[in-house]
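Both of the next two complexes hold chain A, though its partner changes from chain B to chain C.
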Partner chain A sequence: MEPDFRRAMGWLHTWSGVVLGCILFAIFWMGTLSVFDIEIDQWMKPATRLPPAAQALPLESFRPSLNEAIAARAPFWNVELPNDRQSVASVHYRSKSGAVSHDIDPVSGHVLPDTGTLGASGFIFPFHYTLHIKLMNLGEWLVGLASMAMLVLCVSGVIIHRKIFAEFFTFRPRKQSRRLLLDLHNLSGVLGLPFHIILTFSGLTILGATFFPTGIKTLYPSPRGYFYEANSLSFLNTKPGQPGAPVVSLDETFKQANALWGGDRPETVLVFNPGKTTGRIAFFRSTEQQVVMNRDVVAFSSTTGELLSHPPAPRPIIRAQRFLSGLHFIHFHHWVLRWLYFVLGLGSCCMIATGYLFWQESRRARQAGTFGFRLVEGLSAGSITGIIIATLAFFISNRLLLPGAHILGVERAALEVWCFYLVWLATFLHGWFWPRGIWVSQSAAISILAALAAVLNWLTTGDHPLHTLSHRYLWPVGGMDLVLLAGSALALLTAIRLARRKQNATTAPRQPAGKTT
Partner chain B sequence: MAAYLFYLPLGLCLFMAFALLALTQFTHRRATGTAELSTQRARLIRLVATALLLFALTGAIKHENSGFGGLLWAGLLSLCACTVALLLGWCPQIFSPLARLMAKPLPPERPTGKTETTLR
Partner chain C sequence: MAQSGLKTTGRIILTLGGGYWATSASFVLFAFLMIACGLPRVEATTLSMMLAFLLYPCLILWVFGARRIGNPFVVFCALIVAGHIAPFFFSQGH
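Here is the complex of A and B:
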């Protein structure tokens, strides 16, 4: 390969990594946590830690909530039914004052007390693809830019790797830190390459309507048409209608959907325009046994109960889009695959982090005092260990804040989010103003906070790991605690090793110049 | 629980394939304290490793379906390759028996009936 071309690719790899690495780490870290979003929700909402019901609740038991939505003139109302990942049902609708969500006891059908948290599905998952920057959709665009950069980084990384096959399995833990970091970066990059590329590409495809609108504009008269076809929601294409219309029995309409599906259960029931003459009831078939997010939706008129639509088999291009979406969303219930995604996601985080650290180690001797170096050092500390500390602060605040707590008019859920951002900001400032021993101190902080989160869960709910692991329905909580404890141990080990390495470096006699081995 | 028992042999199969591939490389043979393989033997072992990888893919697709099987295979592929690399870095000696076995000469071919007749 031409040396100039390789050098150009090296430049591209280095600078796109340094500039967008912090966003990429945030996206991958939040995406990795989102793999277990429902399980984290159970940890953060102790009221939802309930054993599954022996018999499913009739759909009519959700009628009081539907009536509330009709009274609030909500444009939609939906219920997510219990499954093997979550034992409680949850209802959602949008009123004039904002989105309303309630968790429902799977046995009694009563509304469970609100913990006052966004949880992982309300904060961590949206952070993964919007960075919670809503101004002009800037967050999504930044995620798109970082994803494109990730694909560039993957390709340029393969090009600049001089010995990709000869060093395929090479990892030298006893070598000096720069070599060790490069080995780890190469190892996690090359061996996880299929994962990095597939997940990044599928992520871009999911948000394709935002990033690449031209193709959709060519094929569909409006983006709404694409949205309806891609999500099998053509039944939503209706006029607003007049209020005051009744909503027919949910159980009776479900019987018809059930007959069409050969006995399968729905995962979601949606009532669109509830209480209006143009209202619709739609049943979304469960797709947990396949990778493809094949939205099989049966829709009825909510006023007459008449079957309106049962979409035909999707076109091949939509099926491909749904396969990529399914691959990325992990909508399916496959525990081995779910854990594999989690571990490989951590591998991606490791690759981004080691890339950043290698950049610093290779420049530390020459540029340690310069503004640029200090800027990247603080940036990397805040975006690697900082976001982990901030996430742990989010969990700890969830366990420490009292139910219904509010400060200066800020509600409990928002206070948790404030904790996250304030701690995150503090880690950046720590990195910029006190860079000495930043990695040791932040690793030690991770260790303490992770252990503290697990202990606080025990103290505030009584669910210690021995209890949670001995009850099947509490395994998500026990799993979360074990991962926190394992993370704490790993961070402690890292802090000790880094401190020892630093001490050795300061106490070792300096070798005369020119005699380095 | 019985369904989960499939994943262990699948992972072992992929781990073995990557261990074989890694142990055909000189650096890793040196780390395990064994001599370099002949080109012909290295080629044969790489062929066996490839067959193991394909066997694991077929098994995964047959046990699950093309979607889950393919994903599972691709995910375990990365994980097993990484495990082999980390183990080779930290404690290469655990691969020494396999590395020695790979260098063992193949048993001599049995003389066929035709050659026996010719010898008589």
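Here is the complex of A and C:
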């Protein structure tokens, strides 16, 4: 390979990494947490920590909530039924004042008290692909740009390496920090390369229609038309219709769908245009036993109960696209694989973080005082350890805020989000104004906050790890506590080692990465 | 990269603007070709969308790896023009 080409790729790898690294870390961190979104939800909403029901509730027991949606003139209403990850059912609809969702007791069918939190599925998961920037879909575009950069980084990273095979086995923790960071970067990068590429590529294909709007508009009259056709949802293509129409019995309608599926349960029941003459009832077949998100949807008219559509098995290309979506969404239930995703996701985070820190270590001697260096130093502190601290602050505020708390007219769920952003901002400021010893102090902060979150869970709900681990239905809560405690120990170890290293190296302070959960 | 800041800026603009536009145009062009070959519209669209996400990083790497950016520039222009003319030639558009 020409040396010029390799140098050009090295330049591209360095600078796209430095510029987009902070966004990439945020995306991968939130994505890694989203692997266990339902489990984190259970930790954040103590009312939903219930044993699974022996018998499934009849669908008609969700009728009161459906009637509320009809009264609120909601454009849709749906219920997600319990499964082996989540023992409660949840209903969702959109009213004029915003999205409404309630958790339902799987035995009595009553609405469970609202904790007042967005939880992982309402905050962490959307953060993963929108960064919560709604203005002109800017967040999604930034995620798209960062993902594209990630693909370029993966390819250019392979090109600039001479000995890719040797890097599988190279890790020298006792060497100087710069060497150690590069080893760790290469190791996590090379070992996880298929994961980095496949997850980035499948993420892009999920949001594909958003990123090429002009292309879709040339091929389809409306982007919605493509979305419906690609997802077997064409039955939603209806006129608004007149209100006042009844919704037929959900259980009776389901019998027909059940016969078509040969006895499978649905994972979601959707009522579209509830209470209108053009209403639809759709049953989404459960896909927890397979990777492909098959979207086997049976749709009925909600006024007559007449079968409207049952799509044929998808053709190869659509099936390939749904396989990629399935790989990314992990809707299938498999505990070993789910943990593997989590660990590999942490590996990606580690790769991004060490890449960032390597850039700084190789410039610290020459450029430590320059504005650009200081800027990146603060950015990296805020975006690596900072986002971890902010996430922990989000969990802690969830356990500390009283139910129904209001401050200055801000509701409880929004207060938790404010905690996240304020703490996050503080970590950036800390990085910019007091960079000396930043990694030691922020690692120590992670250690304290993670342990605090686990202890607060015990104090506020009484569910300590010994209790949660002895009951199968509380494993998600116990698992989260154990991960918090393990992360706390790891962060403490990192902080101690960093502080010791700093004491030894009196001439030039060198600080390697703080890798935590 | 021992280069002036101006040339680097040029490359960045060419990848972000030209590269994206060329990818979007190739997406339309390829989808129309596939439709003309008899693939259903939804499959043609999905396939070319997935391929577009592979094409774009290749174009980015090309712009930064090429010694001169003249070649990528000309090819991008050709793709953009072709992608915008294509809808007039294929009757399957709406």
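Operating definition for what follows: the second predicted complex is superposed on the first by the 497 of 517 C-alpha atoms of A that agree within 3 Å, B and C clash if a C-alpha of one lies under 4 Å from a C-alpha of the other, contacts with A are read in each partner's own complex, and residues count from 1 in each chain.
Here is the rule we go by: contacts are C-beta pairs under 8 Å (C-beta built on N, C-alpha and C of every residue); 3 or more make two chains touch, one makes a residue touch a chain.
These figures come from a predicted structure and were not determined experimentally.
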item: Partner chain(s) touched by A:Val152 [first = chain B, second = chain C, both, neither]; value: second
item: Partner chain in contact with A:Gly189 - chain B first, chain C second, else both or neither; value: neither
item: Partner chain in contact with A:Val343 - chain B first, chain C second, else both or neither; value: first
item: Partner chain(s) touched by A:Gly17 [first = chain B, second = chain C, both, neither]; value: neither
item: Which of chain B and chain C A:Val291 touches, first, second, both or neither; value: first
item: First, second, both or neither for A:Gly116, with chain B first and chain C second; value: neither
item: Residue ranges of chain A in contact with chain B within the complex; value: 166, 168-173, 183, 187-188, 191-195, 198, 290-292, 323, 326-327, 332, 334, 336-337, 340-341, 343-344, 347
item: In the complex, chain B residues that touch chain A; value: 4, 7, 18, 21-22, 25, 27-28, 65, 67-68, 71-72, 74-79, 81-82, 84-86, 88-90
item: Residues on chain C engaged by chain A in the complex (per definition of touch); value: 1, 23-24, 27-28, 31-32, 39-50, 52-54, 56-57, 60-61, 64-65, 67, 87, 93-94
item: Chain C contact footprint on chain A (complex, rising order); value: 4-5, 7-9, 11-12, 148, 151-152, 155-156, 201, 204-205, 208-209, 212, 214-216, 218-221, 226, 229-230, 315, 317-318, 320-321, 324
